[in-house]
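The following block contains the structure, expressed as structure tokens.
Just so it is clear, A, B, C, D, E and F label the chains in written order, and each chain counts residues from 1 on its own.
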Amino acid sequence: MAFCARLLRRQLVLALRRPVDIGNPLLFFAMVVALFPLGLGPAPGTLATFAPGILWIVALLANLLTADNLFRGDFDDGSLEQLLLSPQPLYTSVLAYVLSQWLVTGALLALLSPLFALMLNLAPGAIPTLVCSLLLGSGVLSLVGGIGAALTVGLRRGGMLVALLILPFYMPVLIFGSAAVQAAVIGAPAGAHLAILGAMLCLALALAPLAIGAALRISVDA
Amino acid sequence: MLEAEALGLERGGRVLFEGLSFSVRRGQLVQVEGANGAGKTSLLRILAGLSRYGYAGAVTHRAPLLFLGHQSAVKGLLTPRENLAWHIAGEGAYDDAAIEDALDRVGLHGYEDVPSHALSAGQHRRVNLARLYLSRAPLWLLDEPFTAIDRDGVVELEALMVRHVEAGNAVVLTSHQPLAVSYTLHRLNLLEGLCP
Amino acid sequence: MYFDSVHAALAMEGHGPFVWAAYVITLAVLAAMLTAPARRARRLRRELAGNFKRNAGRGGGANEVGNASGT
Amino acid sequence: MWSFFHKLGSPPWLYGIAGSILRWLLPLTLLALIAGASWGLLFTPPDFRQGNSYRIIYIHVPAAVVALAGYYVMALAGAVSLIWKMKMADVAMKACAPVGAALTFIALVTGAIWGKPTWGTWWVWDARITSMLILLFLYLGVIALYEAYDNKAAAAKACAVLSLVGTVNIPIIYKSVDWWYSLHQPASIKFTGGSTIDPSMLYPLMLMIASFYALFTCCLLLNMRVEILRREARTNWVRKLVGA
Amino acid sequence: MAFCARLLRRQLVLALRRPVDIGNPLLFFAMVVALFPLGLGPAPGTLATFAPGILWIVALLANLLTADNLFRGDFDDGSLEQLLLSPQPLYTSVLAYVLSQWLVTGALLALLSPLFALMLNLAPGAIPTLVCSLLLGSGVLSLVGGIGAALTVGLRRGGMLVALLILPFYMPVLIFGSAAVQAAVIGAPAGAHLAILGAMLCLALALAPLAIGAALRISVDA
Amino acid sequence: MLEAEALGLERGGRVLFEGLSFSVRRGQLVQVEGANGAGKTSLLRILAGLSRYGYAGAVTHRAPLLFLGHQSAVKGLLTPRENLAWHIAGEGAYDDAAIEDALDRVGLHGYEDVPSHALSAGQHRRVNLARLYLSRAPLWLLDEPFTAIDRDGVVELEALMVRHVEAGNAVVLTSHQPLAVSYTLHRLNLLEGLCP
């Protein structure tokens, strides 16, 4: 556990010493959100209808942008093999990696999303649901993205292959996430959708680290 | 401490070794020999348990091991102190004074808190080698530990390895430079096996 | 037979192009699917045979195996 | 039972048995395919609503059904490979992916072609169609991953992990896509047929589904035989086989 | 010039080395395009409205996913310093780098975009404009992205400012690009927008390689 | 061929060298000396013209040069043949037979068309060193060329360098291993300057 906390701290320190990596997804998010009104013409009605979908898609894409980097640096400089050789349980180590990545992308985006929601005229009442769904959903995205990253980290050309592998798995999250916000917009209860997202998160939390660990062991051998 | 049975490996259509059986015992200092591309690194990765697919035979570990490979596992954004702290955390230990001491011993006094990417090639490797002073693993697997290290550094390292094996542990290393140690050196030839 | 003539069967009351296109594409994909392994096997066998011969010629040094990449 | 399991792990045995199965299964399959296709194309009455275009059903539905089943075969092989470390399961898994992808592709293309006369458009974002598209992505992902690895032993393990993760997700994907469709849009477009299908159409359809299953098996065995040869290139039995 | 052609070929060979990698961008675009119906709902009308914006965002995303890698590999393995030491004119070399990246992302996407436009129910009349605007605009994106890549390639930290400076340059391209397609959809003449994109491209072609070259020289020394 | 005037460099608050003036002439084989972190790599990069800011003094080049640094500049996805072809294209040349020949000489016969990432550490470096057989630059600046190279390889390389300087060219190199050459070796100490 202490090791896990140390790993988490190390990852966060690394992220903070290279702020571009944190800033880029946020900037991307802001830009794309800004683009939609430009593309659509700023009729507040249309925008509001599609705001849930737009916000969710953009969050997903922002996640996609960073997924490949999760283990890349540590693989390239040999830190990853040291981790695999250390007697620490891989399950928790992997969880710490994913958690750190989630904190600087998914969580950060979720917390900033009210701002962007206002830009898109989302009904203010739906904002809590939006934040909740993004918090839960981006957790699943990060975990699933971790599997893709782990499977491809040993390959010389990751980038697009990761996207290929994980996008199909992202789709259910997108559907339930945007549906939750959609429901909140029309005043329907969104609890069921959020519950499903939560169930997905639990499942992913239980299984994804196992898959990631297995994939990492395979990848150092690629 | 380590037993290898009938190891065989083929890479890119070439047989690197076949039916290689040997065991590494306490007190042994083993140098793996072979020209460039002979398969030394591949063998060490198999012994360390990093390669798990595509080779024949079996490896049995009897003791925890420390593996230092071609890559330094030193993060450029972290300082030497942070790098080491992280490395030994993997073994479950943490001791600030010991880290400081180890960095001193590898000649990095004064560089403890410089980001590692601002270190020279040799200093970079030294950060990694400082782990040897901190590790409690009895078996060391070192892949070309002397790369980029200056002459004094090599002498120190050799002394450290001798101390380690004299204390009843074992070291397996590869190196293209001949070792200048006053200790029985076992040579492991990839084609002929271990010769004392 | 439901259709009266070959012509009617080809036209299928206007739907012919669609139906036949679907069947032809399917046939092409199935043919490719079935012949691909045979093609690969032939290439592989040729390579292996060549390799074994070469190795035998060198006195059984058996140092090389075809880099049959398997795709 | 155990001894069978052991034999299954033996490459020469598997190579031989696959060969002898193929010897009778392959001709039979081709025969059934030709019979079923001509039955469906030429000897059944047209659908009262869709006219003759419905004849696409005889390839569309079998391809879709077998493509789906194929994914589970692949994942099962992957699980066996990871749990029992059986090399021949690796081989089976690797052999599944291209066949499954080809069948998915057939289902998509024939569906799109069928859509033009019936719905007036090549493509709609219908739940069934979308999930089929996702299945194609899953297959292609496995193929791309396998090709990207140099160490093919490791590649097979990586693909096994991926396809296992996929099995957990496929039900989720289907559920969610179904749900998404019903949520967003009233069902303006519906698949016809289903359980109300007339026996004169049902029998050839059953025949075609059965022969597509057989076809899948044939392709699987063919692919496996090549892969076994490739992996066992250094062994004596392959040398003898190749005649050197 | 011969050197430039050789550089271009090398970059393309690197991009296409593995046979799967040729298919990857295509698949990637298809998958990202498929995200939008899932998030926004499958109604053909909605999709058609958003199609110009969506296709443009995917182009931007593909660019972002690959921009950072433009010089990264060559910097890390020392090829970049060898390039700077060689007696070849840097301007054309840099242009070859950017051109190769554009060919495998922007140009490829532009040529494939009609297919995806159909899947998104874009008015068929707008397709030529779409292709044109993507061809021109993605060129600008690649060139501007190259400046960012060159400035940040040597930096291990503190690149935030650079990203902040560069990313906003993408904005006008997106605006004019999607506006051109939008205009074509409603049947208005899109020539003016395309002309502006063309002017941007000329400006970027003239100036960006200079900036990239200077940035590379500085980065090697960082 | 190269003149350095009053070079001075300070990195991270440490003065590495100051007022260092020397000139490298035809027929000279110069070994730069210094412990890890002394500033050898930094000096070589200044001499090569790669570092352009933040140092004192001036460097004058009288001849085209070839610089091989710590990093190998070998692309893993390209084969050795392709890597070399690309490298010499920078000098404006291209000759398939010469490339084949150079690869043979560095012991990479049979590896010409393997992707370079499948090479061992030493073979990887050898791809880079093959450039020495192809380059027409009279002045070579080599930063630890012997890293990861086996014993036979080192002997070959030393012979090659001697041939190069005997032909009226010059070599400046760093190395922590003593050179075993039968040729006058000039030593460049970062603190004391060039001693013959």
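Rule of thumb we're sticking to: a residue touches a chain if its C-beta (ideal position, glycine included) is under 8 Å from a C-beta of that chain, and two chains touch if they have at least 3 such contacts.
None of the values given here were measured: they were computed from a predicted structure.
Touching subunit B and subunit E together: A, D, F. Subunit B maps onto subunit F through a rotation of 180 degrees [Cα fit, steps of 5, range 0 to 180].
Interface note: subunit A and subunit E, two copies of one sequence, contact each other through mostly matching residue numbers (shared numbers exceed half of all numbers used). When the C-beta pairs in contact are tallied for A-B and for A-F, the bigger tally goes to A-B. Greatest Cα centroid separation from subunit D: this falls to F. Here the CA centre of subunit C is 17 Å from the CA centre of subunit D. One inter-chain figure worth recording: subunit E and subunit F are separated by 37 Å, centre to centre, where each centre is the mean of the chain's CA atoms.
As a whole-number value, the distance joining the C-alpha centres of subunit A and subunit C reads 42 Å. Residues of subunit C in contact with at least two other chains: 62, 65-66, 71. Residues of subunit D in contact with at least two other chains: 134, 137, 140, 144, 147-148, 150-152, 154, 157, 177, 180, 234. Residue numbers of subunit B whose C-beta contacts span two or more other chains: 10, 12, 52-54, 70, 76-77. Those residues of subunit B whose C-beta lies close enough to touch subunit D in the complex are 10, 52-54. Chain contact summary for the complex, subunit B toward subunit F: residues 11-12, 34-41, 70, 107, 111, 114, 118-123, 126, 144, 147-154, 176-177. For subunit A in complex with subunit B, the touching residues are 2-3, 6-7, 10, 13-14, 17-18, 73, 76-79, 81-88, 217-218, 220-221. Across the interface of their complex, subunit B is touched by residues 151-154, 157, 234 of subunit D.
Contact residues of subunit A toward subunit E in the complex are 17-20, 23-24, 27-28, 31-32, 34-36, 38-40, 46, 50, 53-54, 56-57, 60-61, 64-65, 157, 159-161, 163-164, 167-168, 170-171, 174-175, 178.
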